[in-house]
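There are two complexes below, and they share chain A, which is joined by chain B in the first and by chain C in the second.
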Partner chain A sequence: MIYWTALQAIVWREALRFIHQRERFVAALVRPLIWLLVFAAGFRAALGLSIIPPYQTYITYQTYIVPGLCGMILLFNGMQSSLSLIIDRELGSMKLLLTCPLPRWWLLLSKLIGATMISVLQVYAFLAVAAGFGIKLPAFGYVAIAPALMITGLMLGALGLFLSSFIKQLENFSGVMNFVIFPMFFLSSALYPLWKMAESSVLLHNICAANPFTHGVELIRFAAYLKWNFPALGWTVFSTAIFTALALWGYNSARSSKS
Partner chain B sequence: MNGITVSGLTFSYGTRTALSDVSFDIGRGRFCALLGPNGAGKSTLFSILTGLRPTDTGHVTIAGHDIATHRRAALAQLGIVFQQPTLDLDLTVRQNLSYFAALHGIRGKERAKRIDAVLERLFITDRADDKTRSLNGGHRRRTEIARALLHDPKVLLLDEPTVGLDAQSRKAITDHVHDLTIDGTTVLWATHLPDEIWDADRLVVLHQSRVLADGTAGVIRGPRNLNDAFLSMVSP
Partner chain C sequence: MILRSALFLSLLSSAAWSDEIWVTNEKDDTVSVIDVDTLEVIQTYPTGERPRGITFSHDFSRLYICASDSNSVQVMDPNTGEILHDLPSGEDPEQFVLHPDDVHLYIANEDDAITTVVDVETRRVVAQIDVGVEPEGMAVSPDGKIAITTSETTNMAHWIDTETQELFANTLVDSRPRHAEFTRDGKQMWVSSEIGGTVTVFDVETQTEIGKMEFEIAGIHPDRVQPVGFEFSEGDETVFVALGPANHIAAVNAETFEVEDYILVGRRVWHMAFNGDKSQLFTTNGVSGDVTVIDVASREAIKTIKVGRFPWGAAYRPTN
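Now for the complex of A and B:
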């Protein structure tokens, strides 16, 4: 019971923290909307898309990038929550959490679940605004993507958690932007299909295909059109497990570290 | 059973020794001051006592539970006031306390009852629904202490809890924490300010990673005031 109570408390605190940071919510919403309404509109004519699964007809570029932008929200939020962990560590709130009479893995997992749930809510807010502009998913797609968003969010949150265990100072976080967020986003299928990338460079295509973020985005894309993508699901679950294990290891070794 | 037992504790950061064969024990319901200049090893000792750092050599028990082998049982009996603030400034005092109580598995009516009790105990009931951001330093510290007492710990650790407070707030908090021992709580109070220590208190002086003195504060200071006695002990 103490496990469940603690999980509820951590999720509740993440939610309250989010409500109190309205500018964070607005930023998380504005970023993908600019991509959707400005960037995608401009690229619409330049980028010809053929019919590729899960789509059964020609689609606009704006429709294509919606799942990628959902992934973008999860990616930025995953990193943002790791940033908040660094702040928590500089204050005493991380110590407070780690001195609770609960296993460390459970506390970190609770934190991860809380942050991911907030990210998923933000994705739905984005989808609602996008629908307002006429860019819609199939009706049941909105329900079907929930688990895909949750798994992808957990994967990216776990990556953020792992990175935060090694970032000693807040100032180093800009490095995460340059070396993690941007490469992960641009070297994926979020903005262009992989076959398009293969036309330019086989190497880049292979990197994109190996990028866990690509699989997260494809999982969301297929779920949105009520289709299974087992390889994407497998890769996303596998990456989630690896990143979670690395995050727990990172925090345990940070605990034992004498530096 | 002792509140805290520290035996043969040694800890190093690489080649730099932070604690060298530190031993002391504090009986149940005693107030013990841990006095030492900056860099004496107090913070390292606190990290080990709270399970945040592992022990190199030696043992630590909290209310009879070894922190290395029975970490969770030891932490369940431990209330901690860290030097750094732990409160979420955007939440009210009650929300902050509620969050912490939940982390200790306290729920429902019991949670509300305990929150009311600690608010009353620390004389901050009237600030319960204020955001912590609006509290002054003294009230924030009281809220931290209230937080640390929520789960009714047998042992209370405070790491320089009066840092940055004015003289009046410091005295009020020092007096209050001394009073906590009446109901059997063991208190370890780390400080570098001798005026926070009473003559009847147990005193452990830590200097350059070693225990320099251990006894009753009044006896250790002798005819001098504690400040002078402390300065003469730690002067090169």
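Now for the complex of A and C:
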């Protein structure tokens, strides 16, 4: 029962933090919308897309990048939640949280779930705006992507959590931007299909194929079109488990090194 | 017992046969047969060289194919895929239309600037009518009294009296007219102009222009918007126009002549055919070598099916 109460409290805290930071919500929405309505519109004719699963026919570039932009929201939010942990640590509220008489893994997991739920809500807000501009998913796709968004969100949140355990100061966060967010996003199938990447460089294609973010995006893409992608699911769940374990290890070692 | 079961299964499977869309593959010298239910190619038959125009006899027992580079119209048995015989079509037949009498085939001979009228029963040429340079589009009015040939280089629609087999009017249209169709009530005749980028509507009684539509797709250069084939929906409310290298089908309101939607299909869309109840539209995409299936109600492309190289014409065949 106390576990459930703690989970509720942490999720509620994340929700309150989100509600009070409206500019964060707007920023999270504007970023993918600029990609969708400006970048994708500009590249609409330049990037010819052949028919690749899960698509059954020709699609516009804007339709292609929607799952990637859902992943982008999850990626930025996952990293942002790690930023908030660093702020918590600097303000001392982290110490308060971690001294709670519950296992650390549960507290961190609750934090992860709370942050991911907020991210998923933002994805749906983005999809609603995109639909307003005529860029829609199949009707049932909106329901089917929920678990895929949750799993991918947990994976990226766990990665952020792991990174935050090693970043001691807020100033160091820019490194995450340069060395984690940008490479993860651009070296993935979010903006271009992997076969397109293979045309220019096999090495880049292989890096993209190994990127967990690629698998998260593909999981969302297939779910949106009501198709299973078991390799993507397997890789995303596996990466989530690894990143979560690393995050727990990072926070345990951080605590033991402090004590 | 085994025999009876086999017979039952065979009857069951034949009853379950679904309707088909037949597609000519210009570069493969074949026709592909698409199952309308499974949306898969179920058969491919060889034809003469460069098959383009395709149409069925009214009872669907014979398939006519314009084998342009073989200079013949071939007659195929659609049940076996066997070429039964050739018709004397004249040089380089590209498009044709079957008269409502189910006997006279009006064939555009692109290289000879003539329209050839062939009796499909006697297999004889009934008439040859001089038209403009590079005739292509062919249409016949629902009452069978008027046939239309459009000439690509002369930029005209030529009006043929089917009783006398003589021209009675010529009307100018925009550059390179490729396709013509009458409305079901026979009051309007529509012509697409590939280079002009327009579709022009004529009043049949006076042969005067009553409307014209242009097309504009965001992000696509106007030069690539080249209307070619088009078809009327059930009830003639909407006209679906293939826009060639623009890779889109335009849905046009047939009353207001306004473009309501653009639907993305494969590369260089040429022509199209509806299924039986006109709920699905099958477009032939020449360069990408496939056929896109459009759900007419939602106006969305639902699937693209790989066929042969450079699919061109399409025709529907019910099998039940």
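Keep this in mind: the second predicted complex is superposed on the first by the 257 of 259 C-alpha atoms of A that agree within 3 Å, B and C clash if a C-alpha of one lies under 4 Å from a C-alpha of the other, contacts with A are read in each partner's own complex, and residues count from 1 in each chain.
As a convention for this text, contacts are C-beta pairs under 8 Å (C-beta built on N, C-alpha and C of every residue); 3 or more make two chains touch, one makes a residue touch a chain.
Since the structure is predicted, the reported quantities are computational estimates derived from the model, not experimental observations.
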| item | value |
| --- | --- |
| Fit-or-clash call for chain B and chain C when the two complexes are aligned on chain A | fit |
| Partner chain(s) touched by A:C100 [first = chain B, second = chain C, both, neither] | first |
| Touching partner for A:I2 - first (chain B), second (chain C), both, neither | first |
| Touched partner set for A:T60, first chain B, second chain C, both or neither | second |
| Partner chain in contact with A:A41 - chain B first, chain C second, else both or neither | second |
| Partner chain in contact with A:H20 - chain B first, chain C second, else both or neither | first |
| Touched chain A residues, chain B compared with chain C | B |
| Partner chain in contact with A:W12 - chain B first, chain C second, else both or neither | first |
| Minimum distance between Cα atoms of chain B and chain C in the superposition (Å) | 46 |
| Doubly contacted residues of chain A, that is, touched by chain B and again by chain C | none |
| Partner chain B, residues of chain A touching it in the complex | 1-2, 5-6, 8-10, 12-13, 16-17, 20, 90-93, 95-103, 255-256, 258-259 |
| Contact footprint of chain A on chain C as seen in their complex | 218-220, 247, 264-266, 290, 292-293, 301-304 |
| Contacting residues of chain B [partner chain A, same complex] | 12-14, 50-54, 72-73, 75-76, 78, 80, 82-86, 88, 90-91, 95, 98-100, 102-107 |
| Interface residues, chain A side, partner chain C - complex | 41, 44-45, 51, 56-60 |
